[in-house]
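Shared between the two complexes below is chain A, which pairs with chain B and chain C, respectively.
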Partner chain A sequence: MRLQINRDVLSEAVSFAVKLLPQRTTLPILSGVVLDAAEGKLRISSFDYEVSSSTSIPADIEDAGSVLVSGRLLADISSRLPADEVNLTTDENGRLLVQSGSAKFELFTMPLDEYPSLPERPEWQGSVSAETFATAVGQVSVAASRDDVTPVITGVQIELTSGQLTFLATDRYRVALRSIPWEGQIPADTTALVPVRTLSEVAKTFAHADQIQIAVTKDDDHEMIAFGTPDRLVTSLLIKGNYPPVRRLFPETVANYAVVSTSELIESVRRVSLVLDRESPLRFTFNLDGVTLEAIGNEQAQAQETVEAFLTGEEVVISMKPQFLIDGLSSTQNEFSKLSFTKTDNPHKPGPVLITGQTSKNGEEPGDYRYLLQPNLLLR
Partner chain B sequence: MSAQDGSHRRVTPAEHDDGTAHILHVDMDAFFASVELLDHPELRDRPVIVAHDAPRSVVTTANYRARRFGVRSAMPVAMAKRMCPGAALLPPRHGLYRAASARVMHILAEFSPLVEQVSVDEAWIDVSGAHGLFGSSGAIAERIRERLRAELGLIASVGVAPVKFAAKLASGMCKPDGLLIVNRSELQGFLDALPVGALSGVGEHTRDRLSRYGVSTVRQVRELRYPRLVRMVGEAMARMLSERARGRQTDGVTPVRAERSIGREVTLPEDLSDSREILATLSALVEGPSRTLRAQKLLARTVTLKLRDADFQTISRSHALSVPTDTTQVLVEAARDLFIGCGWDRPTRLVGVRFTGLVSAEDAPARDVLWGEEDRWRAADVASDEITQRFGTESMVRATALRASRRRSR
Partner chain C sequence: MVVQLTIARCSVDYAGRLQAHLDPGIRLIMVKADGSVLVHADGGSYKPLNWMSAPCSLTIDHDPDPELREAGVQEVWRVQHAKTADLLIISVYEVLGRHEYEFGTDPGLVKDGVEAHLQELLAAHIDTLGDGYTLVRREYPTPVGPVDILARDSQGAHVAVELKRRGGIDGVEQLTRYLELLNRDPLLAPVAGVFAAQEIKPQARTLAEDRGIRCLILDYDTLRGLSDENRLF
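Now for the complex of A and B:
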């Protein structure tokens, strides 16, 4: 193998492949990345039996060939190389030589024949705008659980119907939901529970493309989702298990609500919660004067601020975790946000707050993003 | 320690009270058997044993007629049957006993607000504020006994003393159907004569250590110098012993929730070695106590698993839940995790599960979550409670427990 390639292109592709690999693997060979050079392209792939990735980048190929090297090492090296131009060469001892400017690296390679073969590019079921896809994943993934104790909620639930993709995520404290249109024709409605880490990486990296192709496939014993652009392919096994039926938690209509300027409220929440201990909730009073934020943090400090809010219905006093509220507000991606206050049968338990975006103070909401947050108990 | 057949019974008349003892310990006599007899008057004059008639099950209670033959609580049923072949064997009906217990406690509460229920069949009452209304402690004790007999048909023994532990010792000594009053001036003499093992909290281990130094009575303990006692039994035990030996107890009667723990244990018909079978038994076992939690509107914070192997080695493991619960599934999972976590791999003779840290479901703080795994199981519990209430507890079991119920019916 002998080729020349642009440093930044190489670095980006290798680091993407490595990012999708787990931090630790049981089989050392799975921590490698495969380099395949042929016909003006260098393909970089990784696979750990759960997630696979392959990225093709343009390269100046003198001799075709394939090699398996440590992914993390190659990623670290290629991000620090001194010159724009990189030469990759294999020597007679089976080592990979990386040369850039006057810097030279020799990497030991691993036996390729022991490396598992990657899942193939499936029959695509439809495509979606990469930009919209990235937005939706970003909006929803904030609510996914990072706690491995309950694996099902560490995934984003994707519901595929003909014409629409819906993303759902929850960590028990909140639920986020976003629907987007797609050019998809599938025989029957399908769901796919995708690890949030993989989905977020795919969304970020594929955002540069125009369209993303999607397919959900089922084998005898495993289900898989594949995302593709002309140059890239990522497959991921789905998380097994039943996703909790959280969609029904969203209320139909709520009469009691307040409309706020999204950025103004976020700024205020950030300011006032400076005095709060971590994880402590912030108290909000919505009335005709606006919304008053009160933070009673510890013995050392407290804070208060009032910002504009347009209340419909009765006065509301609730407390919410600052970060949870900010996650919801910023994900509406609208100038205005509407907070709808629901009630529960249990007098001790405050009803969830529904957060949606609005383009104007009294305008109708776009309605494609919904974020439901459970307030905390009022302690006073 | 106390002879269960009442052979060394000591009693005093109500007039013995000199106004220095205000704490009553009311202990129902052969409670489960007596409650059963209310339902089976025809067995009144016969020996009665309350126990499951299964191989290796143990006696829950026996009436005094059966105890005369040597039958004792916790004795294997097979042995009890040999000792007393004429005894009627009745399966325990815990719901019935709980209901009777509630009626007993209701009567006690009429005499003083300070009632501390210890278990289903015993309670302490502080009557120091009740003398104006009801007379001396002795008179109150007799009145309580009369009312329990007249209104519920149940017999109680009552110990009266200046401190709780002595009142409990006294009720144990005057059984059955007795009253024993220990006035303050008599307290030291009363305690001095007792074997040290009679004090609650003194187990075999402590008894052995003391007996190595020739110490066997409370009096001998009292006469030991404190540092020497510490060397014998350790700091904590020494402090407790030296207080008790002098008739001192600082904690008074504290009204508490009716039940401090709810649990069930089962001695298996044959030793189980297959962990799947033990897990199935465990699933089945959790069912009853968790139903009790819901019926009493309580939530449990702690789940304790108890296992005993064929050689009577017993272990117990506890787990505190992050949120108190009454959901069977959550409790089953907690018990299962404890089992898996303790790496138990011995032939198993007994499996038990106990819920503690009970809080009232109404007082429990609402949770800050939108939804929980529990939500999905709550409806199942409600439906299953209704079904078992109408058709009996055997009418419905968890599928994971099926293996256990099949085995039992074999």
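Now for the complex of A and C:
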């Protein structure tokens, strides 16, 4: 193998492959990345039996060939090479020579014939705007659980129907939901539960592309989702198990609500919660004067602030965790946010708060993003 | 080995590495079996007002100096530390109550109480392992010691569960030994392994999964039926 390639292009491709590799693997060979040079392209791929990635980048190929080298080492090296131009060559001892400017590296290679073969590019079921996809994943993934106790909720649930993709995530304290249109025709509605880390990396990296192709394949023992652009392919096994039926938690219509300026309320929450202990909730009083935020419960300091809020219905007093509220507000990505206060049959537990975006004070709700948050119990 | 409790109106003086004096008042004087003496007021939580740790010796003088007797002192307790010059002097004006109890040998603080409780809870909620699981028995014996739980999955295949509060590499090794022996029994084999803990260290998880052992994180509060009120569901 002998080729020339641009440093930044190489570095970006290798670091993406490495990001999807597991932190610790018991099979050293899986910590490698495969370089395949052929027909003006260098393909860089990784696979750990759960997640696979492959990226094709343009290169000047003199001799075609394939080689398997340590992914993390190649990622570190390629991000720090001195010159724009990089030469990759294999020598007769099977080593990979990386040369850029006056810097030279020799990397030991691993036997390629022991490396598992990657899943193939499936038949695509449809495509979605990469930018919209990235936005939706970002809005929803904040609510996914980071706790291993319940593995099913550490993923983002994607519901695929003809024409619409819906993303759902929850950590039991809140649920985030976003629907986006897609050019997809599938025979039967299906769902895919994708690890949040993989999905977030895909969304971030693929955001530069125009369209993302998607396919979900389910065999007897093998459930997989694939994301592709002309140059990239990522596949991931799905998380097994039944996703909790969180959609039914969303209320239909709510008569009691308040509309606030999103950025103003976020700023105020950040300010007032400075005096709060970690994990402590903030107290909110919504009335005709606006919303008053009170940080109480800390013995050394207290804080209070009132910001504008347009209340419809009766006065509401609730307490919410500052970060949970900020996550919801900032994900509405609208100038105004609407907080709807639901009723509950249980007198000891407040009803969940639904957060949605609004383009203006009295404007229409885009309605494709919903964030449902369970307030904390009010403690006097 | 007796514990002696005395409630008395007394004043206390401490001499030695620090000087302290407590004016007369009603206090609880506790003399523990190891010889230590603690003076408690009716506040201050677990902390005595004054104390002398073991080893020390207590002498009670029932016939105090005339000067003290005139002031109303009936008894003088002198607690002398065996290794230092520290001295605790309790001047008792009036004894209001006195009790003595034989405590016997203390079983000690049980640190793995949670682990035993987890085993009991998981056996009671065996479907935490998965739908259709049934319990065979707790403490299933193997030649190298009992495995915490033996169960059957929905297909009837055996599953051995090792429980830990904090799951480390040693727990995985322990389960591996049990599995090896259980799998030699043709009536049980194949036996799958589940490593269940409230918290599993990353190395332990990697090792377990490499050996085909499933890792399961247990939520003690949920198993106990304590739910977090601030959850949506």
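The criterion applied here is as follows: the second predicted complex is superposed on the first by the 379 of 380 C-alpha atoms of A that agree within 3 Å, B and C clash if a C-alpha of one lies under 4 Å from a C-alpha of the other, contacts with A are read in each partner's own complex, and residues count from 1 in each chain.
As a working rule, contacts are C-beta pairs under 8 Å (C-beta built on N, C-alpha and C of every residue); 3 or more make two chains touch, one makes a residue touch a chain.
Being a predicted model, the structure only gives us computed values, none of them experimental.
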- Query: Is this a clash or a fit when chain B and chain C both end up on chain A?
  - Reply: clash
- What is the contact status of A:Thr26 with respect to chain B (first) and chain C (second): first, second, both, or neither? second
- Query: Between chain B (first) and chain C (second), which, if any, makes contact with A:Arg172: first, second, both or neither?
  - Reply: both
- Report for A:Asp148: first if it touches chain B alone, second if chain C alone, otherwise both or neither. second
- Item | Touched partner set for A:Asp221, first chain B, second chain C, both or neither | neither
- Which holds for A:Glu92: it touches chain B only (first), chain C only (second), both, or neither? neither
- In the superposed arrangement, does A:Asp113 touch chain B (first), chain C (second), both or neither? neither
- Kindly classify A:Asn376 by the partners it touches after superposition: chain B alone (first), chain C alone (second), both, or neither? both
- Message: If we overlay the two complexes on their shared chain A, which of chain B and chain C does A:Asp345 touch? Say first, second, both or neither.
- Response: neither
- Task: Mind sorting out which residues of chain A both chain B and chain C touch, each in its own complex?
- Result: 170, 172-175, 244, 246, 249, 348-349, 352, 372-377
- Note on the structure: In the complex, the residues of chain C that touch chain A are 200, 202-203, 206-207, 210, 215, 217-219, 222, 228-233
- Query: In their shared complex, at which residues does chain A touch chain C?
  - Reply: 23-26, 147-149, 170, 172-175, 244, 246, 249, 348-349, 352, 372-377
- Spell out the residues on chain B that touch chain A in their complex, using ranges where they run on. 365-373, 376
- Touching residues (chain side chain A, partner chain B) in the complex: 150, 170, 172-175, 244-246, 249, 346, 348-349, 352, 372-377
